[in-house]
Structure formats: structure tokens, C-alpha cells
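After this come two complexes, each holding chain A, first together with chain B and then together with chain C.
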Partner chain A sequence: MSASGRPGDEAVDRPRQGTAPLLSARGLRLAFGGVKAADGIDLDVMPGEFLAIIGPNGAGKTTFINMTTGYLRPQAGSISYDGQPILGLSPRAIVARGIGRSFQLPQLFTEHTVLENAALAIAARAGLWSPLAPLLRPAWRTEAMAVLDRFGLAPLAGQRADALNEGARKLADIAMAVALQPRLLLMDEPTSGVAAAEKMGVVETLVRVLREAKVTAVFVEHDMEVVERFADRVAVWSQGRIAALGPPATVLKDPAVLRDVIGIEPPTGPPAGLPARESGHA
Partner chain B sequence: MADWLADNTLLLGLALLDGLAYAALVFMVAVGLNLVFGVLRIVNVAHGSLFAIGAYSAASLGLAFASAGLPPWAGYAALVLAAALVGAVLGPLVERLVLRRIYGQEEVLQLLVTFALFMILEDVQKLIWGVQPVSQDLPMKLLGTVDVPFGDDVIPFTIYQLFVLPGVALATLIGLAWFLRRTLTGRVIVAVTTDKEAAMAMGIDAARVTLLTFTFGAALAALGGALASPTTSLVPGIGAQTIVLSFAVVATAGLGQIEGAALTSLLIGLGRSVAVYFAPEFEVVVPYIIMVAVLLVRPQGLFGVLETRRV
Partner chain C sequence: MSGDRDAPAAAPAHVQVHAQGPAGVTLAREGALALLAAAAAILVAWAVPWLKFVLTLALAKGIAVLGILLLLRAGQVSFGHAMFLATGAYTVAFVAPRIEEVLLLLPLAMLLATLLGLAVGLFVVRYRDIFFGMLNLALSMVLYSLLEKLYDYTKGTDGIRVAALRFAGTVPGRETQEWLMFGLALLLAIGFGLLVRAYLGSPMGRALAGIKTRETRLEFMGISARRVLLFAYVLSALMGGAAGALVAMTSRHVTPQLAYWTSSGELVFIAILGGAGSALGPFLGAAGFELVRVYAAAAVAEAWQLILGSVLLLVILFAPGGIWGMLSGRLRGRGA
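Take a look at the complex of A and B:
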């Protein structure tokens, strides 16, 4: 474990300050009727970092992921990835650029085994669709098993995906995303539905694998312990805007965040005020 | 009961043999309908038109081959060729020009659009082939008949209906099950059926899979029609009769069930055939009596699992 004490830090490329952002969103706006799901979102995600997004339900967290991955088109603003604009591209084209995503509910193919799920991701990445070729060809089987092994899922490879418990389903879902070899992975509540007893184990596993694979991650999370332990920075979403952005140690002590997002009354004392936004990041 | 059986052995035998051949044809159409519904989530009423156009095309092509002096066995090639042509031409045309515009729309709208398409294609058939019966039974006559012993009786039955039709249906069943469960393309089709959004998130070209699946389903319907063409005179309305029976099969089996569709086709084919010989006034309603009886007891169908399995 490194000095910071974060699991998986040994293999990580720490967020590279001063380098160009991997993902950059500017002025994103999107309203559903009178509800502003994005009201001027500016955000940079740096290569190698783990950015947590927190905020109350309906704040626009998932909307941001949907806009970034091509599922929703903002009414205004721009998004660039690796210096290239990606707005208007289809979800499939965005995946091909190197942006993966996982959903709040694991999107596993329940008719398939865990191994087939991973192999499908590898096949999709390879872009090969020979009509009568087997899915589990030796090279893909080997690679799929290797991916599953990294997530501790190898013993479950032969099980149908709908037979997994929630923790394993979450890991399998993210294993599929990792099999696509993304450089940036956006995860919508990767621990939702996972039993409290296995939550930290699930997160430690996925953080370790993502760090090893040098994947930059943005994840929506409601568990502040997870955010504090695993995020490099945290962005607080509120009514379609970023209300605060910075290291968890700072942001999670902010009285407004404690009161409005976490739902606890801040300790009395001198007002701390909102942390300043970090220049160059958002 | 024993006396009744002794008196009706011949009719019962004929009913069973006819039912088997009929079930094979219904299965070909129903399994394509099922596959298309699984991926497109559209109940395609126009599927019956593809059966009818497959039948008419096969008959026309067979007659053309015969007129051109080709050997009689070329009639079998005409059946396969007609099905492939109808699937390859009409399949992409219908999917691209019509169905693609109504994905995700309300079911009522989808039903109306595919019904309108069905009506248009019915008129296209009348425009091309007229309303007089069209017949090309050479492929069936060519193979001759075989004597099937049944009790003390012998039933001469066409080899085409006894072996070719059930054989092709069985090969389709086995081939389709293997294709969907073992091959890359089959697994991708099942993945899109299970969760289209997740498939797209993975980078799978869902539009391409949809087109491929619809074309394949259309070819299966056309193959059913082509295989049926030597066994009957083709008249306007055969598409409607077939699609309604196919719906009954799919609903009775449960959506997404391949093996279930085969067994249900057999059940409904035999039920209808027995009615034809023993209670002709019930011929039309027997399949639906079976369907309603099953759905009252098992709304998900005989082999369906509620909201889990679609292919």
C-alpha cells in the first residue's frame, strides 16, 4: 500500500496534474421539461484519476454519464475526449473511441454464462462477426478467463449470469466493460444493491483491476466511505450543477455537502465554507 | 373406444400423417416469427405475406425451370432459391423501409403498420399472380409415395410430406438451436434479444443484428411457403391463414421458445388435422381452443418462463 493508503495505489498512474484532461465537458445543458438535469456542467477528468460523483437523486449524475456516452444529447455545450469532440457520436462509436460504461443495474446477458459475457465483449472489441464461427474460440476464451480471473470470477465462469449474487453481478458487469479495454470507464453506482458485508470487497477488487489496467474512472456513488477511500477527487452534483469539486478529504467535510448531500447536520463551529474549485480541473 | 379405434384406424392414420406434415410447415413460419419478435419486439403481421410470397415465388420459379427444360430435380432447387431470394430481397427492404421507423413505438401503432403492410403485400400478390389458383406439385410427385402400415391398413402417403417436410423442419430446429447457442453471431443475436441497450453499450451494432435477424426470419417464412407450395393450390389468403396459426403456436408455446414452438406446432398441427377428419366443423377453431386452454392455465405459454427467456 502506498503512502496515501488507497487500495490499488501500487500500480496506479496517479492523476497527472498539468497534463491535458482525458475528458473535458464544457457548458453542458439539458432540461427535461422544466427540470434542469444539466445546467452548465464544466468538468475535466484527468488521465489516471478516480473521480467520484455524489449528489441527491435527480441531481443529474446519470444524465452526465448518458450525455458522455452518447445516450443523451445535451441542448448546449461540448464534450471532448482525448482532445477530440465526441458529441453527436453514437454510443457504439463512443465505445470504439475507448469510453466504456456500466449501468446502475448490471446489464449482463442473462441467457449467457459469465464466460460468454466476457467473450462477447472481447468479440465486440475485435469487431469480428463471422456467421458460423464459435463464440468461445480458444484465444477469446483464454482472454475472457484472464479478465474474469482478475476480478476473482474465474470459478463462476461456467455459471449463467442470472445465477450470480449481486456483488458478483456487479463485478461481472464491470469485467465486461474492462474486456473492452477502455481508457475511461464511467460507472453508475457500482455498489448499489451490493450487500454491505461484501461492498468493500467488491470495490477493492474493481479499483485494483482498474488501477492495474490504467483505466481512468468516473463513478456515481452514494456511499461516502467508498468515496473517501477510493476517489482521488469528488464532484458534488446539485440540481444539474457542480456544487463542489475537490479531494474527498476537503469536500466531504464541507457543511453544505454534509447537510444537503450526505444528510447529516455538520458539527457546530466556525463555518468552513465551500472548497474552492480547483483550477484546471473544472 | 376399442371399437371406435378399430373402425377409424385409417382416418386416424391419415390425420396423424397429415398433421405431421402440416405441423412442419407451421413450425417453419412460427419459429421465424418468434425469432423476429425476440430481437425487434414487434409482432409482425406481415410475416404471413412472406410465407405466401415464398410459396408463389417457388411455384413460379419451378414452372419457369420446367419450361426452360431443366431436369425435374431442379424443382427442389427452385424451392430453396425462391425462399433465399424472398428473404434476401424483401427482408432488408421491409426492415429498412418500414419496421425501422416504428421500433420502440406503441404496440398498437406497430400492429397497425405491419397489418397495413400485410394488406399491401396481399394486393401485390394478386397483382403479380392473379386470383386464380397456382399449382406446381412436381417436387412432391417426383418422389412418389410410400405405403405406411397403420394397424391392418396401409396408407399410401407422399414421401415429400412424410419425410421431406418433417426432415427440413427438424433440421431447422437443430440447426437454429446450434446457431443461436454455439456460434458468435447466434450469441450476439441472443444478447441483443436479452438486452439491446447493454449490447449497444458494448459496441455491438444492434441495427445490423436486427437487419440480419429479420432477413433470416423472413427467409424461414418464405422457406415454409416454398415447401408448402407443392402440396396445395396457391390462392389469395394463404398468408392470412398461416400467420394466424403461427401466432397461435407462438402464444401457446411461449415467446422465445424454439423447441417449445416445435412441440406446439406438432400439437396444433395434429389437433387441426384430427378435427379435419373427425369433426370438420371444428377445423378452424381447434388450434385456438388449444391456445385459449393453455393460456388460461399458463399465461406465459406451455414452455415460457415469465419475462426471462426470449430466444
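Take a look at the complex of A and C:
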């Protein structure tokens, strides 16, 4: 275990404070009718960090992922990735720049095997669209098996994707995104629907693989134990705004966060001394 | 969780998906079945000469239905695909007076159907489900109307008679010509069957199936679902053109009925009857369809459609995988 105490920290660079952000969002606004899903979102994601997004349902967490990956276009604001503007690009163009995503409901090709799902992601990355050569050609098959092996899914490679349990489906969904070799991965509730007994195992596997691959990650999460153990920073979403941002150790002690987001009454006593927003990245 | 990081990434022994078709039947068994079906067709054509004509048409329609099968893999049904069959047939009818050579007419018919497929496909692949099906139907009815109304060029519903054609420069006798057409149809059926099988196992083919289940995911993998569907659509148009050319060369008479919506419905009917699980399904379905039609028409001339409809109903109720589904189930049962 590293000095920080976080699993998988040994093999990776920590978030590089002071360097240019990998992803930078400024003044993002988007409303659905009268509901403000994004109401002036400013956020920087630093290279190598694991940023957790927490907040109540409807706060705009998934909307942020959808805007960043080109699925939704904000009504105002800007998003840049690696210093280049990406607003207005299609999801395909954004994927090509190195941003991957996984989904709250795993988006696997259910008629395909797990191995074919992973191999198809590798084929997509390779851009080789020969209509006659087989998908499971030796090189892609080997690479797909290697990706699945890293996620502990190799024994399930021959199973149809719709036969997996929820934990395996989540990992397979993320494995497909990782097979695209993104530099930034946005994950929407990677542990939702996963049985409590297997949740920590799923996250530990996930974090280890992403750290090894030096992938920067942003993930929406409702489990505060997962956030506390695995996130470098946490952003608290509330009504389309970032209500708090900082290390989990401090943000998760904020009385307002405890009361409004986590839904528990903060312990009485001296104030935690948490600033409402951390200056710097956001 | 995943054990040794240096563990070999080779597939476990039980991962055999590469050697199996979508229905789980091995390539060897499917190939053996295809060879058996081809041998049976030749035997029947030799033993019952008048069935040669029926089987040639069945093979031609099977080729067109292969195109329907591709679209079915993407979860899309075209109710207008006969327009490509009609394009191939009318290409032969229009050009045959100037070029009598089958080996030139066939690729020309395929080329024109492919170009039409590209033009139509660029428009229709933007739509899905019922809109995709109905747009195809609408466009095929436009072609039907043109073929019917432009009498000076198409002779309307009278149709165009196709003159005797040359094979590699020679004009064979009637019996030989029938065998040549049958052989050509069989050769094309095998060729297109192999092509479709390889295509469906390729990244493009697997992405095509992905349109049916997770089109959004394809986009987030950097894959254009429209381009994937367009390629399949154009390929299906090419096969429709080949089928139309074979129909025109075999029946030696083309009419606008070839483009009518019932002809497209017939192709979908055959696809369901044969089953979409294998490239062999369309040919099994086409043979079944033509044989049921011939014998039903002979037995109950006024109600043969009733018998055809009943057959389809029975297939949908008791064998939703079609003839291929029944066969592959038995093969898997034996293999177990």
C-alpha cells in the first residue's frame, strides 16, 4: 500500500498539481425546460487523478458526462480537452481524441460474447474495417483476452454478454472503454446495481487497471465508502452547480454535504473548517 | 482478482466462438450442410428436369434474401428491397438487345443495382425500424410506378421479353442454357453465401449486429453506425441486382410486378421461412417457398396463397428460427 493508503497507487503518477488540466469546463449551462441540469459548471480535471462526482439524483452529474462526450450540447460554456476545444464535436470525434466513457446501464452487445465485445472495441480503435477478415483474428483476440484478463473476465470470455451478472457486466462495459485506450475515462455509476459483497472487489479491480494504464478518471458515484477510498478529489453536484470540491477527507466532513447530499445530520461540535470550494482547479 | 499479471492472454480452451456461426453450429457442419443442399439441388434438377427452372429462381431469390438477412442482423426490415431485384432484371432487359453476353450483363446489372443502393442507402440509413421499412417500400413503389407508366420505354405491365443470350460467346441449346443458368445461380449462391458468412464474422459484420442491440455504444466506440448500415445496404442491393439479373435471364420476361411491394414482402417472407441464423437460411427458405408455391398451385389453384400463408403461420408459431433454426437445433442436439 502506498503512503496515501489508496489501492493501486504504487504503479502510477499521482495527479500532477500545477500542470495544465487534461479536461477543462467553463461556464457550462444546460436546462431541460425549467430544470437546470448545468448552471455554470466550472471544473478542471488534472492528468492522472481520480475525480468522483457525487450528488442527489437529478443534480446534473450524468448531464456533465453527456456534455463532455458530445451526447448533449450545452446552451452556453466551453469544454476543452488537452488544451483543444471539443464542444460541438460528435461522440465519435471525441472518442478519437482520447475520451472514453462507460454507462450507468452497461451498454454491451448482448448477442455477442464478452470476447467479441472487447475485440470489437479494439477493432474500432484500429479503424480497420475490412469486411472479410474475421473479428477474432489472432492479434485482436490476444489483445482482447489480455484486456479481459486484467479485469478478471478472461474465464467469462466465451459467454454471451447477456449471461453475465451485474458486477461482470459493469466490468465488461468498462473493459470495452479501456480497450479503446483512452487518456480520460468518464464512468457513470460504475458500482450501481453491483451486489454489496462484490462492490469493493469490482472497484479495486477497476482502479488498479486504470492506474496501471495511466488513465485519468471521472466517475459518478453514490457510495461514499468507494469515494473516500478511491477518489483523489470529489466534486459535489447540487442543482446543476458544484457545491463543493476537494479531497474526500475534507469534503465528506462538510456539514452541508453530509446534510444535503449524503442525507445524515452532521455531528454537533466544532466546525470541520472546510472551505465551500477549493481554489485552484475549479 | 485476475490473478497473475503475467498470465498468458491466450483464450481458454472453451472459448470457441470463432469456429461457430451465430446459431452455434460449427463452420464444418454448416459447410457440410451447404454441400449437401447443393448436391441435393443438383440431383433434383437432374431427376426432375422441370424443377430446374424452379430451383434456379429459388437460388436467385435466395441471393436477394441474403441481402434482407444482412439488414435483419441490424434489426432493420426493408419492405422495398425488390426494387434492386427489379433494377437488375430491367438492366438485363434493356441492355440485352445490344449486349447479349451473360457474363457482361450480370456484372452490369450488379453495378447499376449497387449504384441505386448507394443513392437510396445514403437517405434511408438515417432512419430506423418502421421508418426504414416504409421508406424502402415507398421508394420501391416509385420505381414500380415508373416501370408501369413509362410505357414507351418499359412496355408497362406487358413487360419486356429478353432475347436468347450468349454464354461466353456461344448460344447454347435450351436444355444446356437451363443447366448453365442453374449452374450460374448455384455458383453465385455459394459465392455470396461465403461472402455474407465472412462479412458477418468480420468487425463490420459484428458492428452491424451491434446496431440492433447497442447503437449508441457503437458511436461511443468511434464507429459510425450509419456507415456500417450503409455498407450492408449497398451489399444487399448488389445481391438484389444479381438476383434480378438471374431472374430475367431465367424467366426471359420482366414486368413491373418485380418491383411491386408484394415482391418485397415475398423476400421478407422467405427470410422468415428460412431463418436469419445462417447464410444458408435464405436458400432453404427460397427453395421451400418455391416448392410450396408450385405444388400448392398445382393442388389448389385458387387458394395456393392460403397454403403459403398457413405455412408461414406454422413456422412463426412453432419454428421461430425458420427452417435453419429447426435444422441447427437438430445438429446441435446431435453434437451435444
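Going forward, the second predicted complex is superposed on the first by the 277 of 282 C-alpha atoms of A that agree within 3 Å, B and C clash if a C-alpha of one lies under 4 Å from a C-alpha of the other, contacts with A are read in each partner's own complex, and residues count from 1 in each chain.
Please note the rule applied: a contact is a pair of C-beta atoms (placed from the backbone, for glycine too) under 8 Å apart; a residue touches a chain by one contact, two chains touch by 3 or more.
The shown structure was predicted, so the numbers you read here are calculated from the model rather than taken from an experiment.
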item: Chain A as common anchor, with chain B and chain C clashing or fitting; value: clash
item: First (chain B), second (chain C), both or neither touched by A:Gly58; value: neither
item: Touching partner for A:Gly27 - first (chain B), second (chain C), both, neither; value: neither
item: Touching partner for A:Ala123 - first (chain B), second (chain C), both, neither; value: both
item: Which superposed partner A:Leu115 touches (first chain B, second chain C, both, neither); value: second
item: Which superposed partner A:Val95 touches (first chain B, second chain C, both, neither); value: both
item: If touched residues of chain A are counted for chain B and for chain C, the larger one; value: C
item: Which of chain B and chain C A:Pro85 touches, first, second, both or neither; value: neither
item: Contacts on chain A seen with chain B and repeated with chain C across the two complexes; value: 69, 91-92, 95-96, 100-101, 103, 107-112, 116, 120-121, 123-125, 128-135, 176, 180
item: Chain A-touching residues of chain C, taken from the complex the two chains share; value: 1-3, 5, 7, 9-12, 14-18, 22, 195, 198-199, 201-207, 209-210, 212-214, 216-224, 231, 235
item: For the chain A and chain C complex, residues of the former touching the latter; value: 69, 90-92, 95-96, 100-101, 103, 107-113, 115-116, 119-121, 123-125, 127-136, 141-143, 145-146, 149-155, 157-158, 176-177, 180, 201, 204-205
item: Residue ranges of chain A touching chain B (in the complex, touch as defined); value: 69, 91-92, 95-96, 100-101, 103, 107-112, 116, 120-121, 123-125, 128-135, 137, 162, 176, 180
item: Residue numbers on chain B that touch chain A, as the complex places them; value: 179, 182-188, 190-191, 193-195, 197-205, 208, 308-311
